[in-house]
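What follows is a single structure, and I will ask about it in a moment.
Labels run A, B, C, D, E and F following the written order; every chain starts at residue 1.
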Amino acid sequence: MPTIFFYGPELDNEKKKELIKSFTETASKLTGVDKSAFVIYLRPSSTDNVGVGGELLRERSKRENR
Amino acid sequence: MPTIFFYGPELDNEKKKELIKSFTETASKLTGVDKSAFVIYLRPSSTDNVGVGGELLRERSKRENR
Amino acid sequence: MPTIFFYGPELDNEKKKELIKSFTETASKLTGVDKSAFVIYLRPSSTDNVGVGGELLRERSKRENR
Amino acid sequence: MPTIFFYGPELDNEKKKELIKSFTETASKLTGVDKSAFVIYLRPSSTDNVGVGGELLRERSKRENR
Amino acid sequence: MPTIFFYGPELDNEKKKELIKSFTETASKLTGVDKSAFVIYLRPSSTDNVGVGGELLRERSKRENR
Amino acid sequence: MPTIFFYGPELDNEKKKELIKSFTETASKLTGVDKSAFVIYLRPSSTDNVGVGGELLRERSKRENR
């Protein structure tokens, strides 16, 4: 039954697969719960829907990349 | 105030309405809280953003349907 | 894989069981996903950790019950 | 580390910035945690993925606006 | 219907009330949704259930306070 | 900014640390986001607040262990 939510940047398919595989193996080993019981939700968030330190992430990233 | 989040497949409109109606009635009866106070968020997740048993759900479903 | 979160008042054991059974049956029927794949998390919230309409729920309830 | 999730209507950019700025300042002041540690996720929800009082919000809003 | 989740340190009662009041007023003004429709869940997290930068927050805080 | 929620059984301290370290390293490598930006919330759930396959997890586990 363990359930994991990952809020972060959009990933390409290969990286999604690697993240899901690694998280599931690590968490299964540590909890003793069979891998088949794990569900992971990837919840991508665009930088104009995230605030960090009081600012829109999109504006902060733009400024830092200048 | 009770709030319900449903992470699952996308549903058509008639099914959304039935799910919302049934969940609200059941939960209102069991909690004793008036139906008007219930909010339900449907948060659809595509099969390439869900991992089950360490695999992307999309790949798992493809394989099972072969 | 569908996952449901229920944020609401604490329930006794019989009511928890009824809520879990009813939500799972309804959602399984509407999504076509087997019941065994459903996980429901009951996340009870005490009235001093919930705000409704800008007020702590505990104070609001106290006032309404006077 | 505090993290805030806002489930609500889609906002335009200026309002997002104002909401993020205000929530962060208020919460930083009250918790004593530096503003830089706050992350806010705006999770917009369309009215056909929300149920209120047992009804789809979209239908309820339509009826009320008649 | 808007719903806000606040994951952070435990607050005393006066601060909870102030946070709830301020968040609700700000968000009501920016969304145009009546204050009565807002629900805020405070979900306190102890420092031994949070990881920051790959470390348990409790250990990190201890080290920084030395 | 990435944020991870882990809903599962309670873990002892050493396992919490290992889970947090491993998730953060994996996700940092795959996203390219610095480890310092990751926050992980461990949200333990007792077996009498989880439903699996329409049943309370506590009852299901008891039966399976007979």
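Following the convention adopted for this analysis, a residue touches a chain if its C-beta (ideal position, glycine included) is under 8 Å from a C-beta of that chain, and two chains touch if they have at least 3 such contacts.
Everything numeric here is computed off the predicted structure, so don't read it as measured data.
The set of chains touching subunit B and also touching subunit D is given as A, E. Residues touching across the subunit A-subunit B interface largely differ between the two copies, under half of the numbers being common to both. Interface repeat of B-D: among D-E, A-D or B-E, over half of the contact pairs recur, by residue number, only in A-D. Rounded to a whole number, the gap between the C-alpha centres of subunit D and subunit F is 26 angstrom. Work out the mean CA point of subunit C and of subunit D, and you get 21 Å between them. For subunit F, residues touching at least two other chains, in rising order: 1, 3, 7, 19, 23, 39, 41, 50, 52. An unclassified topology is adopted by the chain contact network, corresponding to no line, ring, star or complete arrangement.
If you check each pair of chains against the touch rule, the ones that pass are A-B, A-C, A-D, A-F, B-C, B-D, B-E, C-E, C-F, D-E, D-F, E-F.
Those residues of subunit F that touch subunit D in the shared complex are 1, 3, 39, 41. Listed in rising order, the residues of subunit C touching subunit F in the complex are 13, 16-17, 19-21, 23-25, 28, 35-44. Note for the complex: subunit D touches subunit E at residues 1-9, 11, 15, 18-19, 22-23, 26-27, 30-31, 33, 50, 52, 57.
Partner subunit B is touched in their complex by these residues of subunit D: 7, 45, 48-56, 59.
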